[in-house]
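In what follows, chain A forms one complex with chain B and a second complex with chain C.
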Partner chain A sequence: MAKKTSLYEYAWRLPLILWQGLFFVGPLLLMVAMSFWLVRNYRMEPDFVFNNWDRMLSRDYFWNAYFVTFWRATLAAILASVLAFPASFALAFRASDTVRRWAVFFLIVPFFTSYLVRIYAWQVLLAESGPLNAIIGFLGLGPFTMLNSGFGAMVGYMTLVLPLVVILQTFSLAAIDKSLIEAARNLGANPRETLLRVIVPAAKVGLIIGFVFAFILSFGDFVSPFYLGGSNPPTLSILIVDTTKSGQQWPRAAVVAVMMIATLFVVAFAAVAAAYRKRS
Partner chain B sequence: MTNMTPLVTFKDVKKSFGAFKAVKELNLEIGRGEFVAIMGPSGCGKTTTLRMLAGLEAPSSGTITIDGQEMNDVPVHDRDTPLVWQSLALFPFLNVTENVEFGLKMRGVAPDERRTRALQWLDRMGLKGFENRRIDELSGGQRQRVALARSLVTEPQMLLLDEPLSALDAHLVIRMQGVLTKLQKELGITFVYVTHSQSEAFAMADRVVIMGQGEIAQIGKPQEIFRAPQNRFVAEFVGRNNILEGVVHGDIITIDGSDFALPGAPDGPVEIVVAADRMQIHATAPTDAAIAAEFVSEEFAGTGIICYFEGEGGEELKAQVTESQLATLQPEPGKMFWLSWAPDAAHVIAG
Partner chain C sequence: MSHSKITLTRRGLLASAAGAALSAPMVNRAWAADPVTINMLAWYGHAEPDVVEEFEAENNVKFVPKYYAGGDNMLALIAQSPPGTYDIILSDAEFVQQLNAAGYIEEMDASLFPFDDFYSAYQKFPGHWTDDQLWSVMVRFGLLGVSYNTDALTAEEAMSYNAFWNPKVTGKVGHFDWHLPNMGQMSLLMGNRNPSPFDISEDAWEAVQEKTLSLKPQVGGYFDYGGTFSSLKNGEMLAMCGIGDWITGVLQKDGAPVASVIPQEGGIQFTESYSIGKGSTKQELVNKFIQYMLSPRGQLRSIQMAAYPALSPTKSGWKAIQEANPAEAERSGLIEGHAQSPIRLLEEQRVFFRDIPQQQSLEDWNDFWSEYKTA
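Right, the complex of A and B next:
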């Protein structure tokens, strides 16, 4: 017997549905539509032409930006996952409950401060004449150019995603049934084999979700590639800003945005499917 | 036939968790091919003892020897002590065959051989046709057998079991008891079985170790533990026992004003134990000595019916009867009966 959903229950769901409809689905559809519009005399006119798509997808600068963005986001996700794992492992398996609680708290603290402010702080730290180069200088090395480079952008991405990835990994590792780990050891698996054959597979969902978050946040980020990466080479988010500024080309920017969202949809969907894939 | 040196020796083994002494001065030998049950209430140290044997806990002091080798510094993965967990701890991300193969894979057995051996064990455990199932597609009894196959496929010299049947339905428990005893006889290896259930321990084990508060309270064959508990703790833990206090004077014990023969007991106040199935119930006062008691309730207990009585001193008394005996007695709460026992049914608790 199917239970009828009461008006009361709908009433509680409505705000979320309205919000998502008005501020996510609506603008998304508008943006897709806009990618087919025309710009005449610096003014947009609704239309249905493929000019923008044709123009953007046939240009090298678009594809260069696309691959740079994709590659950097992939690298950031790998780097964040790898850098986070030892810390997450220690927090999940070695730390006491008290230490773990404090650690999770301190991993949330970075989010108190605006991301932009933290990136400005990095600009100071990483500058040619900044404190980091001063320290390196004491060792008789450097100075190194760290700003306006891929390295700078990567530092920014890590600032953005590392705390979150550590939190996600820690929770998924801590949730592993400890007897599975003991069973692996009991059946002759040494610590390395236990890690690879039992701990990683058992925490797979959390590890993949952490990776995907790192990818998504880095892929769409504008702040780090702009302020630390020096817009060189430009990423897709920088390309969007440039395109809108130059001649009010909002429809072309919409093409870039639609491509980004399509990519993220594919990546997120594939990752979640892989995370929850049941073997038979 | 069998080597007479014990397979496992615990010597003065202690284990503390902070201020809590989980195991105090444990000395125990376990023979080759023996089925030993370690039994006791929660927190008695039985699981800690088993985990120390597997290397999952390190003793605070003392030594554990397996097959003549001191194990204190041998890491878990280098021991040959597979354990069957209460939760079974099957790997949910591996299928049935991969679970069973795991131990062989870790020992570097070639893929073809380990597959063959895993399939043989699955067949032996009645799991043919389930080789490629996921763990969450199996019933409780099937999972149990996968866990056994996973532990036994490496042909260990002993198997450790930590309350493996406690999550199963009653009818499955009886069946799995049969499976386990048969396996143990066929393989001829040592089983160390931790449980809080005396029916499981008594049904399967050659020898039962009763633990209480981190110490061994008694070691013996199931019959000995049941008929001749050495102390009040064991007598109470075994249940289905009457513990009676009385005063002995010249082979006679006086309980609640009645005199019962108790040959060979020292004079003075003692406690005796009479098993419920040795208690006789009389509807009228017999000529011989008997304790008057009021009927309280009855309980079906598999093999018979346990009748509960309250003696004049407020003590609880138990007697096991058959269904036809119960029909003859027609007990009702509050009705008076008289309980007695043969002199050889009474056992004096030492200490």
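Right, the complex of A and C next:
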């Protein structure tokens, strides 16, 4: 028999529901509504027209920016997941509890400082006249163009997401029942088979959640593609800024934002479905 | 004749001191009443101390700035505010007509301003007057041409917009991220001078777009105000479209190897003008401030503004900078007959006022700019 939820329990759930309603669902609905409004004499006026959708979705520059953003976010998520895994594996299975705690602490430390400040620091480091090129110069190579390029933007994405992905992967790997690994070895599995057939499937949820977080953060990031990528080419977040600057077209910017959110929903739901899919 | 002897007793001294102490706040309040607040809408830098502190001190006023970036942003801020929010508005000249058409600015009294002191080309600036009604007063201007790293290009090489296609700057050409000055320069390169690089036919517009797209392989990035400064200063960009001395002039003072020239195809002039906000209750003070800014003292501050330097439209402004800072007058060409004198360049038809597109919509130009950026 299903247990009846008491008023007391509802009262405890209410703040979260209110919070989500006020600060997520409400603004989201407003943004969707705004995408049908019009701008007249630099003022937004409520309306219900499809002009903004028609205009933005029929422009090549929107789709160019869309695919660039999607590709870069996918690449950043793959790169972060691959780069993070060896470190996460070592922390989960090789490091002592003390070392793991300190490592997690140091992975959290970067979040103490502003992301923008860290990106400004990368601007100095990646410049042609910067320290990295100076070191490369000692080896008789370079200078290489790293700033205002796709490479620069990717460095920024890694700055944003890599520590988080390592933490998520580490927690996920550390939570695996060690007896499963021992059983696999006792049954004759070599290290590679143990990794691919036991460890990765057992940590699948955490690994996919790490990937999804890396994708979401990179997909919506403005700072790295702007300050390290030189807006060349622009991503969707840069396109939003450009659209609002030009003619104060907030409704057209809302179209871009709604498309971004729709994409993130699809990716997130697909990833969660994959993560929790039962093995056949 | 009797002498009244004044004796200073301890009680008397205390009473006098107490009286003085009690009356002091009243005296102070009368002498230093709260300053009158003037709300200014402007590009960054115009209400900073290096520009307004002298006027503030002399007139017991305090400027409260709201800074914007771009004419669209300015129009939106005014549109979203009630009348009387802004007492003084500094706008780019090409947006004055839109301010006037929307009823955002007050008519001004032309007799209050020293137009006789203006060089004749600036006395009746386009869009600032309707017949004899004055709506805005030009206060400063600057020239946009080829800005470049002097270690990468020679002055001769920079004397054409074709410098942006020079293999020496491949991947190192930056754009100031605003379509008007960039497309204006491309239009000049395509020979659209008569009547203006902004007044071009559809065929000419097509040609301008094609030429601009051919620059894409050279481009290293698109930058805002801060990014333009840093990318030129650290050598990441070796040439920059859409800017001029208002950026490189500041960097030169820092010792950066950069310069700007007006190329043979011609340059674009940006113009900044003051208007009085509709419904302002402080019009008298605002007029006084504009008079101050047009005086030699004000023009000196404007020419040498810390945020970005500019040129003077008045003869007395030129004289003042020649006397106060001959090196700056020489550097910026504020000397009659100088090779880079803005008046000479204007007379030789090598400078064109920046404008909004006349035969296409602003949206068309902006759309192309977005396409170009993602190409």
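As a convention for this text, the second predicted complex is superposed on the first by the 267 of 280 C-alpha atoms of A that agree within 3 Å, B and C clash if a C-alpha of one lies under 4 Å from a C-alpha of the other, contacts with A are read in each partner's own complex, and residues count from 1 in each chain.
Everything below uses one rule, namely that a contact is a pair of C-beta atoms (placed from the backbone, for glycine too) under 8 Å apart; a residue touches a chain by one contact, two chains touch by 3 or more.
Predicted model only: the values in this text are computed from it and were never measured.
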| item | value |
| --- | --- |
| Which of chain B and chain C A:204 touches, first, second, both or neither | first |
| More chain A residues in contact - chain B or chain C | C |
| Partner chain in contact with A:277 - chain B first, chain C second, else both or neither | neither |
| Partner chain in contact with A:188 - chain B first, chain C second, else both or neither | first |
| Touched partner set for A:177, first chain B, second chain C, both or neither | first |
| Contacts of A:128 with chain B and chain C, given as first, second, both or neither | second |
| Touching partner for A:94 - first (chain B), second (chain C), both, neither | neither |
| Touched partner set for A:234, first chain B, second chain C, both or neither | second |
| Contact footprint of chain B on chain A as seen in their complex | 177, 179-180, 182-191, 193-194, 197-198, 201-202, 204, 278-280 |
| Interfacial residue positions of chain A with respect to chain C in the complex | 41-43, 59-61, 64-65, 68, 123, 127-130, 145, 147-148, 226-227, 229-234, 239, 242, 245-248 |
| Contact footprint of chain A on chain B as seen in their complex | 54, 56, 75-79, 81-83, 85, 87, 89-95, 102-103, 106-107, 132, 134, 150-151, 154 |
| Touching residues on chain C, where the partner in the complex is chain A | 69-70, 72-73, 75-76, 78-80, 102, 171, 174, 177, 219-223, 227, 230-231, 234-237, 362-363, 366-367, 370-371, 373-375 |
